[in-house]
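The structures come next, written out as structure tokens.
After this come two complexes, each holding chain A, first together with chain B and then together with chain C.
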Partner chain A sequence: MQLIERAATASTPFIRMDPSNGWIELRGESYPANSYEFYGPVLDWMKEYIESGNPVSVFFAIAYANTSSVKVIFDMLDLLEEAFNRGQNVHVAWSYDFRNTRLAEVIAEFQDEVSFQFTVHNVPGS
Partner chain B sequence: MKAHPSGHYAKGSDRSLIDARVDQAVCQYPDHPLAAELLWLAEQYRKLEARFNKITSISDRLQEQVLETNTNLKAQAQSDQMTGLLNRLGFMEQFKIRGESLPYGLLLLNLDNLDKVNIDFGYRAGDQAVLDVASTLRSLIRSDDIVARWGGEEFMILAKEAGPDALLEVARRLLLAVGRIVVPGPKPEQLSASIGVYLCCDREKPSLGISRVDAALWQAKRQGGGRIVIYSESYQPDHLGSDLS
Partner chain C sequence: MNELDLWDLQQQFEKGGILLCFNGPLSQSIIEELGSALRQYVGESAAGEGKVYDVFSVYIEQSQNIQNYAARKRAECAERTVIPYNSAILVIGRYDDQHYLVASGNMVDLSDVDPLTKRIDELNLLNHQQLKELYSMQRKRPRAAGSATAGLGLIDMARKSSRPMQYRIRKTGSETAYFCLTAII
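So, the complex of A and B:
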């Protein structure tokens, strides 16, 4: 598997997926014109990595997501939840600026959907 | 609860309808080979519906966040960072709306000696003087009127439904109040201002009123400052640069 790194653009987040340690990182804002096309390879990579059975950590610092990106995040969480239920080590962390109270509510909604470890971090300016 | 006629918002009722139909079917055909499949499909439907509702509610919340950001950005773009008053852009936006009700008055106030304050007392003292003027104006205008920082040392006031006497009275009060502001120091400096006044009784372009009140202010400055001048037709609005020397 290959290391994937994509620079952030005005409408898409920075993405880094490292197969050497199972670390996946998404930072920025997400409203690509076509989320399924943009995130298709990301989801494929995740599926393939998860099959290895190795621990996986996903770090989100997404401050804004359009509707289809929200759907994609749920798809990612579903994949991770399945892996966790099969006994795989899964951890998700989400960092956000505490002044953004609506985002805190949104993250809590995502958190509600999963049973693996999902930590939330207050990082001003993130 | 009554189901919504279109069924779009009646998810609770829809769900119980699905449950009731599945229960009925399973009771009616308990040994049907597809009964388990039906239950599985119903479960998938429930999950999908819950997920759909969650995605839309998250999306709505994020959209509210964008709207809030837009509102804040708009307010920031239309206000003067130092004084918190409206800036020129904010004033013009309000003026276009409020200038619809006639008559209205415009007052353009310019500080005569801010340059002197800046030079003799430093820019910090000059900034403080501007802040004092801003809060004085804010406290003296009526709640319906608006005041904006028009430029570095200029303030524009829109007085709604004001007749000539009332307008002049407002201008006098402002001139007096600003004149009472003193910049402290070994040799304290009293602020002085000039005010141009223009009363608009007919429907006209906002830019015309602005250029006329500006012409009146210019007359006040030309006459030595520290005074109020009411616009008269004899003042040419496009004076700037021609007569200043």
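So, the complex of A and C:
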């Protein structure tokens, strides 16, 4: 599997997916014109990596996600939940500015859907 | 055509509390630029981070709904591309001391009006908890083949609106109408 790295744009996040340690990073804004097209390769990479059975960690620092990105993130969490239920080591962390109460609610809805470790971290000004 | 009186236009915007207005064909970069101005204006007004997030997201959902609709129409009926589905008016303004207004207008097929207004009427009847449950159900549904949307945009707008969403339809031809949607956040 290949290391994937994509630079951020105004409406899409920086993405880095490292097969050597199973670390996935998504940082920035997420409101692409077509989220499925944009995230298709990311979901494919995750599916393939998860098949290895190795631990996987996803670091989100998404400051805003439109509804189609939210749907894609739920799809990612579903994949991770399945892996966790098969006994795989899964960890998700989300960094954001805790003053953003609405984003906190969005993240809480993500947390409600999973049973693996999902931590949040306060990064003021992010 | 009369000479364009920008003073009149400016006065109308001023009275309506309009912070930003765009009229023309939409593109991703225009949506990004207007969004960035919106965040700056709303952010400066001492509204909380949560409010900025809500106004921004209703604006994004409205403008991307129009883009997605235009893309669908282009794919469906290539021979009717004369209708400027992708052209829209987007307005962001102050509604009162506590609230912002996000409105949009675009050309739609008359045959699409009823399903859309029925959907909005239904959403307007739901309370916060019911909208949350509907959102959760909808997000679990598999996406329609070839569709670029998650079907969550209107539900999300309803969740963030502090009063019922309003629409207005003006018939523009035998098969088309101008559809305006306003949300108060």
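Note that in this section the second predicted complex is superposed on the first by the 126 of 126 C-alpha atoms of A that agree within 3 Å, B and C clash if a C-alpha of one lies under 4 Å from a C-alpha of the other, contacts with A are read in each partner's own complex, and residues count from 1 in each chain.
Note that contacts are C-beta pairs under 8 Å (C-beta built on N, C-alpha and C of every residue); 3 or more make two chains touch, one makes a residue touch a chain.
This structure is a prediction, so every number in the text was calculated from the model and none was measured.
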Taking chain A as the common reference for superposition, should the pair chain B and chain C be classed as clashing or as fitting?
-> clash
So, A:121: does it touch chain B (first), chain C (second), both, or neither?
-> neither
Pick one for A:86: touches chain B only (first), chain C only (second), both, or neither.
-> neither
For A:64, select first, second, both or neither according to whether it touches chain B, chain C, the two together, or no partner.
-> both
With the two complexes superposed on chain A, say which partner A:74 touches: chain B (first), chain C (second), both, or neither.
-> both
Touched partner set for A:47, first chain B, second chain C, both or neither | neither
Could you say whether A:103 touches chain B, chain C, both of them, or neither, answering first, second, both or neither?
-> both
Now for A:36: first (chain B), second (chain C), both, or neither, which partner does it touch?
-> second
Per-residue contact with chain A, leading partner among chain C and chain B | C
In the superposed arrangement, which partner chain does A:10 touch: chain B (first), chain C (second), both, or neither?
-> second
Given the options 57-65, 147-155, 201-209 or 237-245, the segment of chain B that clashes with chain C spans residues 57-65
Kindly list the residues of chain A that each of chain B and chain C touches, one partner per complex.
-> 64, 66-67, 70-71, 74, 100, 102-103, 109
Mind pulling up the chain A residues that touch chain B in the complex?
-> 64-67, 70-71, 74, 100, 102-103, 105-106, 109-110, 113
How about chain B: which of its residues touch chain A in the complex?
-> 51, 54-59, 61-62, 64-66, 68
Spell out the part of chain A that touches chain C in their complex, as residue ranges.
-> 10-11, 31-37, 64, 66-68, 70-71, 74, 97, 99-103, 109
Which residues of chain C touch chain A in their complex?
-> 28-29, 31-32, 35-36, 48-50, 53-54, 56-57, 60-61, 64, 67, 136, 139-140, 143, 148-150, 152-153, 155-156
